[in-house]
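So that you can tell them apart, the chains are marked A, B, C and D in the order they are listed, and the count of residues begins at 1 in each.
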């Protein structure tokens, strides 16, 4: 986790304070359920709630852990210091450390997912707003980096919207994947604790009981979670790459926003670097790199080994924090992106109408010209454009063989941008339902 | 794709014959829609169906492609040879090669997913059957590879069932991800073709129209698809790893089936290698390696670049073929796995009851013995077991300080396996609903 | 392995014929060494060489394998059919299948590396030739995709040369990594065969004896090998990306060669797609995807498990074949790349001298103008260029406050391209030693 | 970077203090070289060294950066505060931020590599010591997790030594890969600074000048560096996996050291978990996950984009810190590993001599018994062992058909462990040269 690529709300999810608070809630709810079952006295369960508003002393817990070499015991000891040794006597009874640790990890992932979902909503809002704003802003579509046919900037935003909307659905499902808890004991048999305790705790924490766990919650869930983040990261890279291309000196169809005061902006006005989207490209690599280790974590030995733990201590916080930051940064970039419609038009006209050659070719053949002849006609005018810098439409209108089959009006029609944008409404309706 | 790890049905999906057949269907359905719109004559659309039952000549198409350097044109030329040049005149009108190629790729992925779903159903059947068969077959649960508490072999199968059942859901969703088609032209604007053609073709092929495409269908869909296969591969590794552990010489709780006639089985009866599950472990790595490139494919430049193509030519067939083979192999392994309940019991008793030390400790404290004293009592008897090979239960019953608080019956109760299996029914109900 | 991305020489290394030929050589040389030791009769060793020029019948071997279920035994049976059962009696004595298989795999990798090294030499030749050809072809250097300062096309080629030259060294070392053989028996103890046999066989095959093997050659060697190929693949992507950028419609500083006859070249002269370098970008992903599985192969269980085998059956051929093809394709692209120096100049002048603003700023401060004033002076002229399309040098010369400290000659000097190219010779000497 | 998996010396390399110190040295040495060239006054160069022993105020630099939004400028401003504005006037002249940043990153990587090399030396020492200690400690070799033939624990340590020794060589080369510096300006042309400055600074910092850089040092170097760390991580996993297997309850041939006082050691003496090597398995995944992003960093756009930066801010510290910790932890594990030779023997004899069946078979055939008969003889005695728990050697000696061809002494000889260990010295000489 790199501070400069972090936001406090997400970082807080992974703080020791938050962790201990979730531990506490699990233990307290478990005591309630145990009391309900008659396994422990109700007063002891009630006593645990005395710590409800107490801030845990992380330093003190660390101090105890340095002696006991066991994090959960250290926490329980500290809890006893707060609520009284006698009162604390039944806390954690029948439970295994993993019951607490794994359930907590999932609570953290669920909370992280909730932040990420909110992030995506904001990103979707920005993309939608910009899509409608530039619905009719014509720009050249490019395949292979080469001019193909006209499209609109609105369609560009709209397709990013559609992609991120799919990602939102995926994330919602990934959240469901990890929204489970387990309080099932050393090998998952509920030997020392009744399944109803798991049910009660999970309900209170907004989780579903893991239908079958071992000592741990199965890691295919987490593999799917991080794989989904990896896909979202890749979509971030997709949008970032488009913007980086648009900001290239030779293209300059858009620029990341640039605050007035930002040094250097006016003495070297051409030198505005798309550093935010470049950064997002790098962050996408970081998000993606968690996918394979998360998958390697699935095949734990028997009822659990602990190899996954160090991996998750890293990718749990790092990947969610980085993705949160990236989504937020991308939202700002999209929101404030400076779009240059004039440059879009200028770029489209760079080859003076040549991008329409396909339509002219088609028109000629539709008028009965053989494919070979049509090709020859288009070619000879195209070459005048390409080599001598002439205008394609003008040349065609001055070519007798062409005008013999196509009227000036018909030729002009081939250069009508409306032809290319006529279905934009239809596509928008598909994407936005409006 | 390695022939020895391939099955014909899945391989066939990726054959040139299948590919051309799908191309044909797309073109033919598109002609129908174009005729319906009045864009092309109905008789020309009808004529295309003359090839409905004709087998395409792959060698001939290759021959043409060698000249035209364009696969789709080569196919269309061959199609014209079959249905007549004049009749074929309107085929592909208004379409782009990518319309055909991308839609075809998705049809292939959907068909592959259907095979994989059927594979998974068979695997689930086998896992369920074995789970119920060994519902009460007690074995030791292990954390860190070390004996922890008893569980049952049925629970082991049941958790693999639950994991694969989740994977089945994921795969069904991944199938939905790629079940789209696009016939939207050079940059996705439908400039030269009406959106209704896309709708018609997709409907006929069992796909949904891609709401917004560029020249290509967005690759986040495919990234998600291959990521999902990667998770499934990881779960295969998980099951394979468990079986490999069980078949270790020192453990020998199960063995991959071994046909009677298989050479070497009886002169070296100990030397039966878990080669199938080892192989599955390797195949899992191959399945997983497609995930990152599929994610790297998302950020295509502008309306498309063609960098994804070579990647997909590889991972499309290779990953689905390998996963199909792996699921099938795993199903056979599970189905025929030779389970050794006696060895399971013997292993559990390897340390003569020591795994129950935790329960005894708990029982002593519950009877009012201080934690320190209880620990001392358990420890001194445990050491006799560990160092001198005594039986834990017997030792405890012979320790006056222990018997002062726990009756023989109470001690025996701590060694009752029923304590550990009492919730197996509950867990099975959660997993199998029965 | 995708046929269209394969070249026959590399493919041949991975054919069954080649494999059996290497098996044969290992067995034959081993017999010689065994005879030398007196372990087997010399005439039996000699007899093996009778098959020296016989082509093995792959179909026959497959037929036998279908019965024996063991590839090495099938081969040995076939060999016996050729040289006589009695003569073949001592072949393979004391050896394990893995001795043959692992040593063969390394022979194949070494041969593959030799082809790749030759590929790289050709690529280096092409890069060097183009570097010297365009040593003084000025183009704008870009950071963040934005114009920065002038450089030369020769430097671009030269840095790719330097990078590929490093890759050549790496590949030579990766070749050394896998240039070992092992004939050490079931667990690597030479229990049944003398170490001198391994030494003899290795010497004959151009390998070094693996200092300590188990049943297998340790897989860290192969991990390093494939990691190195992954780095080379990444460098291919690097060069491909540069060319794709150069060929963008708006940049057009270079194009992949385009054969005269290639259809569409002249009717849509702007539509020449960098499909080869896009393809190389995809191939780089395929090459890179082998790295992680090769690393996952390192941790085999005890003296070997067979999980690595299926992985290597795939990545062995696929990665070397793909890299061979990619290097060859890249060499052709570099060799024939059409460079447009005029467009380079035009691009550089797109902002009419603004890229020199930094130098002017420096010159002003060196003349004693305060940083703030210098900045203000540059800025006000820069804005006239940026907003009104004026020429930067002209504007500066018309600004009295500027000319008060800088003479016209001094201003002109700041726009001298020689300033930027003065160290090109030095750099070339560093890179090429000349 | 996870604090619990970090060691201070490596962490310190990545601290702001260290970073600023390296920046300072680069700037100061550059001033010297510039003064030597006469580009800046010698007294100004000398003045910079006034800060030689001054501790930079990180908080102050952050404060300035908060305003200037530029880290290098913030540092230079702070430096000026220390040595005087006037004296500092010529610092950084002609340089680009990347000159400082990239050279610094490489200095950090070189220093990290030096620590890692020292780590590896310690690991090698431990492995060597344990190898000689257990040179003759016989244990069963296993393929596929199944007993194969005897080997020795010394050979196990020796092969890990050989593997890590190769890794040490690889790391030394990886260090060379990144031991370059660049002070070459905005696009690498040395337009504003003489190449001799780069040479001087590099020499002082123990680096070689990068023969040809752009704005940045080419990232293939770093890809190779992190790929190498990935291989080392995989070897760590390899050793860790072996130890985890050895510590399994059923195998128990070795255990991670367990301090006397460690709680739970005696009440549950069987429950000593190989948590350190499990942890190392997880850390290996973390180390490996840096490889792909490092490779994705190679293809920067043109003379640089900044996408690599966020990646390196993460993987630079995280991967080196994790690997340092892992190597150190592994060294402790190896150093203190508790080896149980008795259990090794007991395991080997688990199937009462069956592992020798291969040798008996061979001996029978060498005495002229047909392969079929020999097989039958071995088989019938093997089955008595396998099914009835008899001793193989005894059974053979009691089988008249066997004793008809093999004397008791000859049979006994087949069970002689010396047969398997006779080449251990040879192998040790190969590995250790002694």
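Here is the rule we use: contacts are C-beta pairs under 8 Å (C-beta built on N, C-alpha and C of every residue); 3 or more make two chains touch, one makes a residue touch a chain.
Predicted model only: the values in this text are computed from it and were never measured.
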item	value
Mutual neighbours - chains that touch chain C and chain D alike	A, B
Selected interface, A-D versus B-D, where C-beta contact pairs are more numerous	B-D
Chain centre separation in whole Å, for chain D relative to chain A (CA means)	34
For chain D, residues that touch 2 or more chains besides their own	142-145, 148, 244-245, 273, 275, 278, 281, 288, 292, 296, 301, 305-306, 358
Residues of chain B touching chain C in the complex	2, 4-5, 68-70, 244, 262-263, 273, 275, 278-279, 281-283, 285-286, 288-290, 292-293, 296-297, 301, 305-311, 313-314, 318
Chain B to chain A touching residues, read off their complex	141-145, 148-151, 155, 158-159, 162-163, 166-167, 170, 173, 177, 185-192, 195, 209, 211-215, 218, 220-221, 223-224, 227-228, 230-231, 233-235, 237-238, 240-242, 245, 281, 284, 288, 291-292, 295-296, 298-306, 358, 362, 419-424, 426-427, 430-431
In the complex with chain B, residue positions of chain D that touch it	140, 142-148, 244-245, 247-251, 266-275, 278, 292, 296, 347, 350-351, 354-355, 357-358, 361, 375, 378-379, 382-383, 385-386
